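The same subunit A turns up in both complexes below, where it pairs with subunit B and then with subunit C.
Let's look at the complex of A and B:
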């Protein structure tokens, strides 16, 4: 396999550049020194203690949880409606409407944030956690719709007809057949939109109106050397948490595809 | 056995039309299906047979006309309260449920107690040959087993009519033939009306009491399998069901229900009314099935009529041999089939042969 050597070297370098910095994060979070520099001085968990003792950080964490849970719930609920309607029914202007929902996927977040800020200020709406949630739902919706569309698509239409045929109503068919079969997709959508929201910075910074969320807090903390190591500890925890969430989401998505007897057409991971 | 004619009408179509936008999918369907009948809707894909089945189930609204089940108009009656149940082409087994949960799904609103329902489920499974499979996961079943589960699930509700949408098309040939016989037995056992949609003419002939052959949204012929095979009412039906030779002919006279024709290579033949379906303005031909033609071997005598011929092609099928033969020095070629029995050699291409046939086997299309 001599021919593949160049490509393999490239792959290894690519992965190192991609994941190296993330490995640095926990390395220094457990390092007993204020400055982030080699050589490492010794093992400590004190930065984690300091992080948890910080009242501002705790406030930011609670804010972030409020924003992310609300975003995930809203985006997934709206996503279910949009995906179901797009997959199952045809109506005039469907292409344009569904396209519009997906556009934030390719729009620079900066533009979305600025536009929303201008609009909200012009409308006289006070900036708050709620306005962050609005922005986050906008950027999380494409992901929710993509995941849920694939979940609804892998659902055989005749399953619903069979339930109707066996005496169920439209609603009980949805409850007994459709919902259980797309539930893995719903969970996956919830977890991914939650993850998108919790580490989003630009919109949170623009539309937060002084209410700090985690991402904004981290950005601020990095400007003072003394607060860097606790933030690294926080970062370590967030990375671990994100990986966990995405793994769970993908697990449910795959299980959903397998359960409905469909063919895996590829998700986000 | 009682003949279907004695039984009451179960389904009636009255001038049923169905449009999808501009597309005219059903073009004035009329006909009746009797109680306890094994009825097939047969036709090529896109002929409207599945659409027609779905109008009975209630999954398809009709644009005009009426569908009656057991004398009641189904106008505005939703699928979930119609006295019909369906076996879907994909079987539509609920993948997140066990076999027993699938079969018992329709009993959810049944007032019976849990043990009684469980007993009903077990009986239904036994009926389709899946006794003891109740605890299995539905998605772990084979194609044939899924089909049986779909059957049990539909039959447990004791519908007046069981609708089967190409139920055997996903099975391999052996399994399909096996299930054909099982379905016939099952239908006799439960005694309810079965309506089967199929594009497989052989399947329809094997299984049905009566068949409606459909082309382009219309019923071309509605008859029992034998009539359909022996006396098709049009060239199209004749061509769709089995193989038929078409021999050009000239109509000499027509009087008193008898038609006299001069068929190329066969000569002068007189046909009775059943052999001459209504004219359609087509070029006249007589049709005859391959098995109604016989090669005469040395010393054999034709019981009726015989014509000389030359073998043009020999197709060996193991149990049968097909011969393509030019008739009586003409360019008319017919295919005939001979059973390969001991003492009957396979003939060579170019052999001069005597072809025996009977005027009774002919059908005139014009």
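Let's look at the complex of A and C:
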């Protein structure tokens, strides 16, 4: 079909442009020049060495891992409660409550960050890694709820009813039947919220009270030409890491859909 | 299962209460506080800097909002206020213009992609295509934006490519055109946001309607214009909102790409709230800009309401 071919070519070009910056990133990370400009001058791994030797960066890495792991755990736990409640039970006010949980998805991040900042200042809470986590859980939760809702939706209700009829309690049914079936969704949610948290910049910058994290480190380094090549090396590793986590998350999501016998409708959102 | 409706409601509420309380404390309370602070003032017009000092009492005032309308110097408007009001209005106008251009670009470019995946890709391959389209969105936003500096800048990828095919003989350095560079960067960053909602609405289009259209003598193109496009407008509207709202409030791109020389409204909010520690004025800017965005979004939805509301 001629029409299909034209559209296909367009889509492939669209994808190439979409990936353009991510493809250019490693080119310059391995390029033996202090300025980031074409033509490339030679292959080197020294920027990676310089990056790994940076003590500030190692501190930022540890901080980022603390923040991202806490965020992923909290957001996924809260997401399980919200998604389970919304999918399994009917209760008044569901629309408003679930809608409010999803609001950070459509609010500019600067508004979320500054509103939280004002609250923390007013309450006299000191800014720290903990306050970054508070903000990150808020913006990651909608994604957790979206992923987990589809995981709970593809669950066959009759399996639970069978377990209850056979004498299991509500909690043991949840633990023995429901949890194993939605486990792929839980893992996918954990990985996605981890990725969101480790990449997030605005909340990390303004609610962190000066504690260095990776995204802030990258942002600062890009503003000074001399620190750009090592940060390209760091960027290459971060992007590669994100893509790896996402591929694993997608694998679990699909396995979850297949496990529950559902039809794959595609995508996280 | 023998659950009475009230027992079921109780179970549902118990489960949802931790996330609901979290959102109440971390989102609703802060937003209400910002709304309240936007009307707050101190004795003698001192700036409101949290936490408040001993003996400072906030009172209700509209002077923060009045300052946004200081077009010329007067008793209540100092020359600093006038400069500030003009700069804020410029930044707000620029934010709306940038967001409108970015939305137009992303939605127009995304529609054929969503259409291709929905109508021409085998159902078993659809989720793979969507995954490929969404991956770049999940990688670090700061890194992607910063990379556009190197792509658009002097001797960057754009200059190198255009120079190699002989279109230009002098480097263009697109980065020097701040607003254009910001629009290009944001259009790229929000591309997947536009594809997904359009794809979802196209998936819902009943394929038999298209066959009916063609059986009744419509061409492929007129079928698209008269059946597919109207039926997928709900997705287009969703795509417009989901791109427009966050781009109006973007902070990173004007900082990294425009080097702070072409600030948007989020940069102004940050300056008041963070750098100047004037949280009342910062709140006023936040509330005003959200109000403007809400009005624009509502008008847009109303203009398209005949496409929404679903099929009877």
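Methods note: the second predicted complex is superposed on the first by the 255 of 269 C-alpha atoms of A that agree within 3 Å, B and C clash if a C-alpha of one lies under 4 Å from a C-alpha of the other, contacts with A are read in each partner's own complex, and residues count from 1 in each chain.
Heads up, the rule we're going with is that a residue touches a chain if its C-beta (ideal position, glycine included) is under 8 Å from a C-beta of that chain, and two chains touch if they have at least 3 such contacts.
In this text the structure is predicted, and so the values were computed from the model without any measurement.
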Review point. A:168 contacts which: subunit B (first), subunit C (second), both, neither?
Key: first
Check your understanding: Once the shared chain is lined up, is A:55 touching subunit B (first), subunit C (second), both, or neither of them?
Key -> neither
Review point. Touching A:181, do we find subunit B (first), subunit C (second), both, or neither?
Key: first
Check your understanding: In this superposed model, does subunit C or subunit B come into contact with more residues of subunit A?
Key -> C
Check your understanding: Should A:254 be classified as contacting the first partner (subunit B), the second (subunit C), both, or neither?
Key -> second
Review point. Is A:22 touching the first partner subunit B, the second partner subunit C, both, or neither of them?
Key: second
Exercise for review: Find the residues of subunit A that appear in the contact set with subunit B and again in the contact set with subunit C.
Suggested key: 161, 164
Practice item. Give every residue of subunit A touching subunit B within the complex, in rising order. Key: 156, 158-159, 161-169, 177, 180-181, 259-261
Revision key, fill the gap. The subunit B residues in contact with subunit A across the complex are 57, 59, 78-81, 84-86, 88-90, 92, 94-96, 105-106, 108-109, 139, 153-154, 157
Point to revise | Residues of subunit C defined as touching subunit A within the complex | key: 1, 5, 8-13, 15-16, 18-20, 22-24, 26-31, 33-34, 37, 50-51, 109, 112-113, 115-117, 120, 126-127, 129-136, 138-144, 146-151, 153-157, 159-160, 188, 191-192, 196, 199, 203, 220, 241-242, 245-246, 248-252, 255-256, 266, 269-270, 273-274, 279, 282-283, 286, 290
Review point. For subunit A, which residues count as touching subunit C in their complex?
Key: 1, 3-4, 7-8, 10-11, 14-15, 17-22, 24-25, 28, 36-39, 78-79, 81-82, 84-86, 88-92, 94, 97, 100-101, 103-104, 106-112, 114-119, 121-122, 124, 134-135, 137-138, 141, 145, 161, 164, 192, 195-196, 198-202, 206, 215, 218-219, 222-223, 228, 235, 238-239, 242-243, 246, 250, 254, 264-269
